[in-house]
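Across the two complexes that follow, subunit A remains constant while its partner is subunit B and subsequently subunit C.
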Partner chain A sequence: MSLTVLLLLLMLGAALVGAYPITFGEFFAALGRWFAGETTQDKINTVLFDIRLPRVFAAVVVGAAVAAAGAAYQTLFRNPLVSPDILGVSTGAGLGAVLGIFLSLPVAAIQLSAFVVGLATVGTVYAIAALVHGREPVLVLVLAGVVVGALAGAAISLLKILADPYDQLPAIVFWLLGSLSAIRKGEVWAAIPLVLIGLLPLVVLRWRINVLSLGDEEAKALGVETGRLRLIVIAAATLITASVVAISGVIGWVGLVIPHIARMAVGPSFDRLLPTATLLGASYLLIVDTLARTMARIEVPIGILTAIIGAPFFLWLLARGREGWS
Partner chain B sequence: MTGWPDPPTAEERPFISEKYRDLPALGRLTGRGGTANLEVVLKSKPDLILDFGSVRETYVSLAENVQQQTNIPYVLIDGRFEATPAALRLLGDVLGLSERGERLAKYVEDTFVQIDAALAATPIDKRPRVYLARGPDGLETGVQGSINTEIIERAGGRNVAAAAGQKGLVRVSMEQLIVADPEIIITWDRNFFDRVFKDPLWVGIRAVRDGRVFLAPTAPFGWIDRPPSLNRVIGLRWLAGLFYPDTFPEDLRETTRTFYRLFYHVEPTEPQLDTLIAWSKGQAPSRQQPARR
Partner chain C sequence: MRVRLAAHGLGFGYGATPIGRNIDMDLRAGEVFCLLGPNGSGKTTLFKTLLGLLPAQAGKVVVDGTPLTELSRQEIARRIAYVPQAHTAHFPFRVIDMVVMGRTAHLSLFAAPTSIDRQRAREALALLGIAQLADREYTRISGGQRQLALVARALVQDAPAIVMDEPTANLDFGNQVIVLSEVKRLAARGLAVLLSTHDPDHAFSIASRVALLDQGKLVDQGVPQTVLTSDKLKSVYGIDVIVGRLANGQTVCAPTYRS
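Up next, the complex of A and B:
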């Protein structure tokens, strides 16, 4: 509850700051006009409703999505070192976007390509793991993820070498660093339903997912069909991550570090971990993105900021020593 | 010349002299993502390796390494726009073509002098505020003083992207751009150019409202960047004409013909000139083949 209030306050604060000066009074006047259904086309309206607020919502959605996916994966794999990219969704999305930039496609097509290739990468990983009948399905899955991720990474490097160094290469580099600077209202509206569709099974199945964290044997003993459940969680988390990474570019660390903080706050039980991580992720990325767009007269790539803030924290966690899962 | 760093595209080929068009692609030796194999370079038996660009320590040491390894003299020339005449003279001397080097250098110097003379009347704060839009979404740019945008100041504009302590390429947000409200936008990205006048957010920006968004031709090389090299000399005349239409009522067609003849050893046909001129007015040739390298 208090996290929800915190998030709402942060959103209000973020909506009030930015390069274009909008005072408190102008802000509420514009908001009032909007509620009254008036459509005036002045600069303040454009900045507020077409640029700043979409971006605030985008930061919230992306942060929430990546943290939720991270929490789901960490529970599924019973490993706190797992990030949403463990099965290659971000690397795959990166490959899709880089391919789009390489082929000089328009922005919408680049995003679609990122989304599709991100999903396809995890699909490939899952298919490979399904073909390999081993005693350790989770281990096989992770290994397949590492291998396919490495392949996708190599393909990205290859495209970087082949790309026009003056034209496409900078665009590729900026995409891989992640940024919300070009976000559009339409893109946020497209991503929100996809993220909600992905979140739904996680919420509905939260108790069963909790059982998964006991390990396969115990979960099976408790009557949970682990294989099917695992597939659902992977599909849901992949959909969530792919739909936001397609509009934001690769954003690291949030999906790894935020579930950690959430677990320290409320414990490893997934039914409490999921909402906490989601709200914390939204707040964290909102703060970072607001810094990214107000710190300097140009944009600071968000991937750099999340890592600069996230990496020391992660080291600190490591230094504290890895405690048991529960 | 023994080879290209990257092979010319179908769109660029007609503007490159037949002698050089079909030379093999040998790869990039240094700089962003070197791809050249030294043995392949050696096989093409060059007498000289020429590098035009940054002369920072890193590149000096890279040049020294290659020279030691291959025993081929390696000339590293300062690629800043302002240093272009000096670079041409130096190159003329190195190649034993001092006369040609001198002629080209003179052409560039004359261009610089003409523009400076015409600009002298316009104080800095009266010069148009310009934004260079890069990347498919147009939100990538070079900050003031970067090699990618020095042509803006050279042609008498003011780059709106300025950031203390930053060099090179950066990203900006739409909101920052609305605050900067540039009077002129230049780009060579056709996707961006096709979209910008229809985009409700960009339409709020003065340059778009006034119809002053300009597309730079990129054949055989970019007119304003891509790469930031000699090719900017023609772009400079084009830009100055866009910034100050009354001061530089130039015949772009003749200027283009002269420049391509003088610098690229090609005699552009009338339809080719039509293509270039239309391109510089925003009508880029359609891409039958993807303009990939």
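Up next, the complex of A and C:
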């Protein structure tokens, strides 16, 4: 509850600051006009509704999505060091986007390509794991993810070499760094329903997912159809991640670090962890993105900032010992 | 007495590798059935096969008259509860959270436990004398306390049969007696309990029937006094054992130590 309030306050604050500052009065006046259905095209309206608010919502959706997917994966794989791209969704989406840029496709097609190849990559990983009949289905999944991710990474490198160094290569590098600076209204509205569709099964199945964190055999003995549930969680988390990676590029560390902080706050039980991680992730990425666009004259890609903040924080977690999650 | 769980010509093992063959046994309501056998004789693998966690390589398992393969996981969990060997969890769940997971098979697919379920979990902890651990982290209590918590979790599962894999393995002398006394009370209430142990004395104290498993085969089964003789214990464990009777009528085993 308090996290929801915090997020709303942060969203208000983020909507006001920027290269063109907006005051409280102007903000609510513009909001009032919007509710009344007036369509005056003054500068405030353009900045607020076409540039600033889409970006604020984008940061919220992307942050919430990767944190929720990260929390689900850490619970599913019983490993607090797992991030949402463990099964290769981000690398796959990266390959899709790079392919789109390489073929000089329009922006919407690049995003669609990122989304589809991201889903297809995880689908391939899951199919490989299903074909390998091992005693440890989770381990086989992770290893298949590493292998397929490495192949996708190799394909990305190949396309980078083949790409036009003056036109395509900078676009590829910029995309892979992750950024919300080029985000447009339509992209945010397209991503939100997909993220919500992915979140729904995680919310309604929260208790079964919690039991799954005891491991396959114990969860089965407690009455959980583990194979089916694992497939649902992977599909949901992949849909969530692919939807946002397609519009933001690869923004690392959020899906790894935020679930950790949430677990410190509310414990490992997934029914409490999921909402906390989701709200924290949204707030965190909104703060970082607002810093990214206000801090310096040149905007720093947000993927670099999340890594600069996330990596030392993670080291600190390691230095604290296993206390936080053992 | 009603047969809760039965194995007919059961073969078990991992993958295609056979570990045990031709297991015929049944577990009846109101009895404690004790499985004894040396390390590596296949006790845990047999239990996992009886619970459907591993597929049977031959023969079949029947639960309450229905073949195991025809039941969903939820239906199995409502009929048989499983107490695994005490383990460490990967995440620091509170003890109460761990115990309440035993209610899962009784919840609908989209539901989470209610306050009634939590109350049941607290009662089960109280029954085993560890109510004060409810809000502690499962990862920070002793192995014996974890074992008791897992027994509590099996109790709230409300299944008519419980399978316990070495429930006394990590317990001190006193806690062993607490858990085994609780097992005896459960059986007196009509539950069927199948448990493995390394201590023949446990079988003498609480088992109505006992089976000896050696290299994947059931060497013998029946009442403890006929199965756990010094000859049979010697042939399975390779040590000399004196089986004697105390003044109070209790039967006990005493191994002979070589000097």
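The rule is short, and it goes like this: the second predicted complex is superposed on the first by the 322 of 326 C-alpha atoms of A that agree within 3 Å, B and C clash if a C-alpha of one lies under 4 Å from a C-alpha of the other, contacts with A are read in each partner's own complex, and residues count from 1 in each chain.
Simple rule for what comes next: contacts are C-beta pairs under 8 Å (C-beta built on N, C-alpha and C of every residue); 3 or more make two chains touch, one makes a residue touch a chain.
A quick note: this is a predicted structure, and the numbers were derived from the prediction, not measured.
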Original post:
Are subunit B and subunit C a fit on subunit A, or do they clash, once the structures share the same frame?
Top reply: fit
Original post:
Between subunit B (first) and subunit C (second), which does A:214 come into contact with in this model arrangement: first, second, both, or neither?
Top reply: second
Subject >> subunit A as apex of subunit B and subunit C, Cα-centre angle in degrees (nearest 10) >> reply: 150
**OP:** Answer with first, second, both or neither: which of subunit B and subunit C does A:160 touch in the superposed model?
**Re:** first
Original post:
Which touches a greater number of subunit A residues, subunit B or subunit C?
Top reply: B
**OP:** Based on the superposed arrangement, let me know which partner A:96 touches: subunit B (first), subunit C (second), both, or neither?
**Re:** neither
Original post:
Taking the superposition as given, does A:104 touch the first partner, subunit B, the second, subunit C, both, or neither?
Top reply: first
Original post:
Which partner does A:18 contact after superposing on A: first (subunit B), second (subunit C), both, neither?
Top reply: first
Subject >> Minimum distance between Cα atoms of subunit B and subunit C in the superposition (Å) >> reply: 41
Original post:
For subunit A, what residues appear in both contact lists, the one with subunit B and the one with subunit C?
Top reply: none
**OP:** Going by the contact rule at the top, pick out the subunit B residues touching subunit A in the complex.
**Re:** 6, 28, 31-33, 35, 134-137, 139-140, 143, 161-163, 166, 169-176, 178-179, 188-191, 195, 200-201, 204, 222, 225-228, 290-293
Original post:
Mind pulling up the subunit A residues that touch subunit B in the complex?
Top reply: 18-20, 43, 46-47, 50-52, 55, 101-107, 110, 160-162, 164-167, 169-171, 174, 179, 181-182, 184, 293, 296-299, 301
Original post:
What does subunit C use to touch subunit A in their complex?
Top reply: 14-15, 48, 51-53, 72-74, 76-78, 81-82, 84, 89-94, 97, 101-102, 104-105, 107, 109-113, 139, 157
**OP:** Would you mind writing out the residues of subunit A in touch with subunit C in their complex?
**Re:** 75, 78-80, 133, 135, 204-208, 210-211, 213-214, 217-218, 220-226, 263, 267-269, 271, 325-326
